[in-house]
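The first chain written gets the first letter, and so on, giving A, B, C and D; residue counts start at 1 in each chain.
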Amino acid sequence: MIIVLEPNAPEKAIKELIVEVKKQGLDVHRSDGEAYTILGLVGDTSKVKEAPILSNEWVHNLVRIQEPYKRVNKAFKPDPTIIDVAGHKIGGDEIVIMAGPCSVEGREAMIEQAIAVKKAGAHFLRAGAYKPRSSPYSFQGLGKEGIEYMLEAKKETGLPIVTEIMSIGTLDEFRDVDIIQVGARNMQNFALLKALGKADKPILLKRGLSSTIEEWLMSAEYIMAEGNPNVILCERGIRTFENYTRNTLDVSAVPMVKRLSHLPIIVDPSHAAGLWWMVSSLSKASIAAGADGLLLEVHPDPAHALSDGAQTIKPKHFEELMTEMDKIARVMGRYIN
Amino acid sequence: MIIVLEPNAPEKAIKELIVEVKKQGLDVHRSDGEAYTILGLVGDTSKVKEAPILSNEWVHNLVRIQEPYKRVNKAFKPDPTIIDVAGHKIGGDEIVIMAGPCSVEGREAMIEQAIAVKKAGAHFLRAGAYKPRSSPYSFQGLGKEGIEYMLEAKKETGLPIVTEIMSIGTLDEFRDVDIIQVGARNMQNFALLKALGKADKPILLKRGLSSTIEEWLMSAEYIMAEGNPNVILCERGIRTFENYTRNTLDVSAVPMVKRLSHLPIIVDPSHAAGLWWMVSSLSKASIAAGADGLLLEVHPDPAHALSDGAQTIKPKHFEELMTEMDKIARVMGRYIN
Amino acid sequence: MIIVLEPNAPEKAIKELIVEVKKQGLDVHRSDGEAYTILGLVGDTSKVKEAPILSNEWVHNLVRIQEPYKRVNKAFKPDPTIIDVAGHKIGGDEIVIMAGPCSVEGREAMIEQAIAVKKAGAHFLRAGAYKPRSSPYSFQGLGKEGIEYMLEAKKETGLPIVTEIMSIGTLDEFRDVDIIQVGARNMQNFALLKALGKADKPILLKRGLSSTIEEWLMSAEYIMAEGNPNVILCERGIRTFENYTRNTLDVSAVPMVKRLSHLPIIVDPSHAAGLWWMVSSLSKASIAAGADGLLLEVHPDPAHALSDGAQTIKPKHFEELMTEMDKIARVMGRYIN
Amino acid sequence: MIIVLEPNAPEKAIKELIVEVKKQGLDVHRSDGEAYTILGLVGDTSKVKEAPILSNEWVHNLVRIQEPYKRVNKAFKPDPTIIDVAGHKIGGDEIVIMAGPCSVEGREAMIEQAIAVKKAGAHFLRAGAYKPRSSPYSFQGLGKEGIEYMLEAKKETGLPIVTEIMSIGTLDEFRDVDIIQVGARNMQNFALLKALGKADKPILLKRGLSSTIEEWLMSAEYIMAEGNPNVILCERGIRTFENYTRNTLDVSAVPMVKRLSHLPIIVDPSHAAGLWWMVSSLSKASIAAGADGLLLEVHPDPAHALSDGAQTIKPKHFEELMTEMDKIARVMGRYIN
């Protein structure tokens, strides 16, 4: 951590600041340049209190050198984390495909859809029982009942299931769920993250719409800091000025996360663009960029899906895509089927 | 609502789409242009199911004409909403100033700080008992105890209090709080918004870091749809590419909200820039733009504040600012003191 | 084009507006809804004067239905444009690779580098003679001399060349250049675009850092409107809040442009991320997303390149990448080698 | 400047890097932390070649400590620059108002409009002779003829004039213009900036739509580096995800520029929001934030203006605004009238 002082900072103020910083148990290396005096702080700066520094009127700037995350940091654990869920090794050579409808719509529908995605080759069944919707007038999900239907579909097909949690109070209902998803809007719901840090299940942590990669990794740190090491990151598009697509898929996040962290990362191309005809291109691009898996919206009749039909592909389209994706995976030294 | 069809859409597909839309109880006006055929949907389009339209392969685009919000919409309630809290009429001619430290730090400190901001002219005491922090290693707030200290400070000074809620489970603790704040990170925590829609207290709803004004108003709609009409909007800076400031204060949101909605809007200049020396300029700009109030971080010793010292001003600075702001308020036909 | 009127718009004002619009040669379809009156404008709306509408105090909103571009629009020319340059059919089945150093650094260096990228399989030599640099203190390029060295390298290797123009005054110097590049910062230098619209050479038009896809296509329209049909679009990353990467590669722009326009689109993964170790992942992702080619920075000694060394890969790395990319291209039914 | 090395960087590589950096004439302070080794570079780092550092595979990060600009930097010239144009001291206590139509529309119109804005109290006449338009089908300005009409209007009213240059080739036509404007789209047209750096006229430099404050100051540095010290910065809104307004006025840029630079800064509230009814609020906010002036679009008949009618106010509205703005200016210890 580096403190840059104002050019006209008086000697007295500099000395007082040095004393202040040393009180926090850090060493200070002072270096007087032509224009600026610089103080280098040496020691464990991850817990430095920044207030006494930033509120000092003679401080021009405070520059952080180290990443603020530790448990998720590849620098401290170089080997990749591989999470085994029902025999699928997420973060390993297999590229894991999670597919299903946006929302659970009913018992029969859920089972049929599970059978359809399994037939097409999906490894996990995904669907939403609790749905975050920007309008109070939109379908809000079947809740607890929805999870039950998913569990029945799991029994029927053997597919492990992934579904989203929206508040701590419902955690008990996720007992038999295989992976608990945290949605983009809850990426910084810290109370929820702490609770999930105490759960003994893998957490699929979606990136917030406007979250930097650093903030996203810090949210993963919240979960890991409470004792749960099994976090799967999921890139799902960020908010930008471009509005031909609903969000902008940040495909660079895949190699970046691979460099900074040991955690696996998957991509959700359905939510990223919000356009069904673009899902195929973005899925292939994600695998070519090195993603460990995909989260895909698949529905036999998107026109009558209860939510997000615009970004949903049909099982037949999905099946063809699986074949193409497997070929790209094999170019990358990995596999899907 | 307007459906634009692909240039080469076959007649059969167009007719099927018209039938589909009419089933939803809407009238359709067809208009065949040079390049595109357009379908205008007439009737109550606020509940249209978009999936059958957007997932149709011959649909080029769907254009929404009306705002999706109703209860917050000025078109349906032209008179401004004025919320009376402890005699202060928020949204009226008085510009309401809410000031205090970022976090509650202890019993004595809270009372002293309340006395200091009251002396400088603040109308409300603000402080954080529950603190959303991006790092799990930062101070997380005193919680319930913090609210109790605020209530003691209220008793001592008579200042009504504003503080942030982070999860539904703690709602009972806010019984005697005057205004409940929803932070930027929870703006789309829909479960929380619904619960607050049933509360009988005014809600201060901060804009999310990357929320459009439309999404923000939709979150207010969530609260109002459950029966609570007392929502105060709070602009606090949005995320942009500029990084000399922590966020970019969207001062235009003030006149825009005033045009679209009847709800009052205040500004938080402390979080917007994240820089104490900029608070004064942004406070004055906000009032000149028409804001109904300000939420300000004030602390007697920012260097030793437990959080956010970098953006906090001292009581003496605050007192001078109050005088200047009152002068600008009076140019605007309003007042502070 | 749709005009949405304010809920309380007086009848007299509506009628006057209709007269005003009809004067512009358009038909008006009026439709009175519950809350809003809507006017649909029918006819050639591409030249509508918006001022009389937008400055009218009773107009709530003006919604454009059709894309504002014509010549670049796939709706008016469904077949893809294939541009033949020195036997390479850009936009066809071959994926075209343009590679070379960021800047021309000298005669010998240029020739050596051309030989190296040719050996690795590149189809075009790219390099910068004129360099846009954000600092006046950075190397500004060799200018005219640089173009001459590129032409010598072309003679030596047979590689056609691509280089950037920065001002109209130098257009003559590009006589023997095969493709003229317009950089991101000049994407809306309209005087330059018009001049290039009269040139008889293919133009490589980079997307501006903060340009929407629509604005980018409008800049291509500028070139085409002057008579030059040979425009190659180049996605190179957009500016977002994420700062771990220099820009955010908008990989979705590839399928989006393919859907909206008949023009070919290539990707520059070097500038997108600004990180050499990410070039490989982003190159493969771009091809998997459907790009028609790549623009890559390759230099034998990035550490001593005169500019942009941070994002430059070495010829050996490039050669390996060519092999991997060809495999992905073949999965896509295309080829590189 | 600080180099952060990868945790596993081998000793040999570190030593080679130190040698490399020392060759550039800098001193290196090495500091070995728990996780990272850090190299502090001491000396004149403004001309450091970054390539050998950033392309080194063992470099984790390079952190710049000092601002890259010098001539515009307040650290090197603490006193504010005050630019005297026709007796108006821009950057002094007077707040300077530049007003007029978006485009020059004709001889008579120009003179009438100049008389109207003068009567309302404007200090400068602004209008566009050359117009950057995103569509090739929009009115492109009267060019040279337009400047002549402005000069006639100047003769008639005594108002000094401000108008935009779009390419170097037309510089001669600006001989009698009082202030030459560089538009947002040309902020990084470096060839143009260099030419204007040799001119003996004040330059009004608009901020690019997606330019950081640092890049904007670097563009001012381009002009100053060529010998022209008279640069007036103009904030005009930046591109963000919010689309209710055309751009987002970054009002924080005003106090930020005042802190970083000695140059004067004005605001263009007309282009920022693109909405005539918001101009008044944003004008007052800008003055309250400390702006040295405003650039305003005023036209007697916005509905029939040849461009940008949507954001243009009428002379009567402008006159009232002048009175209100003067009152706010006086609260700030400044004045307009």
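Methods note: a contact is a pair of C-beta atoms (placed from the backbone, for glycine too) under 8 Å apart; a residue touches a chain by one contact, two chains touch by 3 or more.
Just so it is clear, the structure is predicted and the values come from calculations on it, not from any experiment.
> Which of A-D, C-D or A-B has the same interface as B-C, meaning more than half of the contact pairs match by residue number?
A-D
> Between chain pairs B-D and A-D, which one is joined by a greater number of C-beta pairs in contact?
Between B-D and A-D, the larger count of C-beta pairs in contact belongs to B-D.
> So what's the Cα centroid distance for chain A and chain B, whole Å?
From the centre of chain A to the centre of chain B is 26 Å.
> Rounded to the nearest whole Å, what is the centre-to-centre distance of chain B and chain D, using the mean of the C-alpha atoms as each centre?
About 31 Å separates the centre of chain B from that of chain D.
> If you average the CA atoms of chain A and of chain D, how far apart do the two points sit, in angstrom?
Distance between chain centres, rounded to whole Å: 38 Å.
> Identify all positions of chain B at which a residue touches two or more other chains, and write them in rising order.
Each of 210, 239-241, 243, 277 in chain B touches at least two other chains.
> For chain C, which residues are in contact with chain B within the complex?
2, 4, 6-8, 29, 31, 33-36, 38, 40, 42-44, 61, 63, 65-66, 75-76, 78, 210, 239-241, 243
> What residues on chain D touch chain B, complex-wise?
Contact set of chain D toward chain B: 210, 212-214, 238, 240-245, 248-256, 259-260, 272-273, 277-278, 281-282, 284-290, 324, 327-328, 331-332.
> Along chain D, where are the residues that touch chain C in the complex?
On the chain D side, the touching residues are 20, 46-47, 50-52, 54-57, 68, 132-137, 140, 166-169, 185-186, 188-192, 194, 208-210, 215, 218-219, 221-222, 225-226, 239, 276-277, 302-310, 312.
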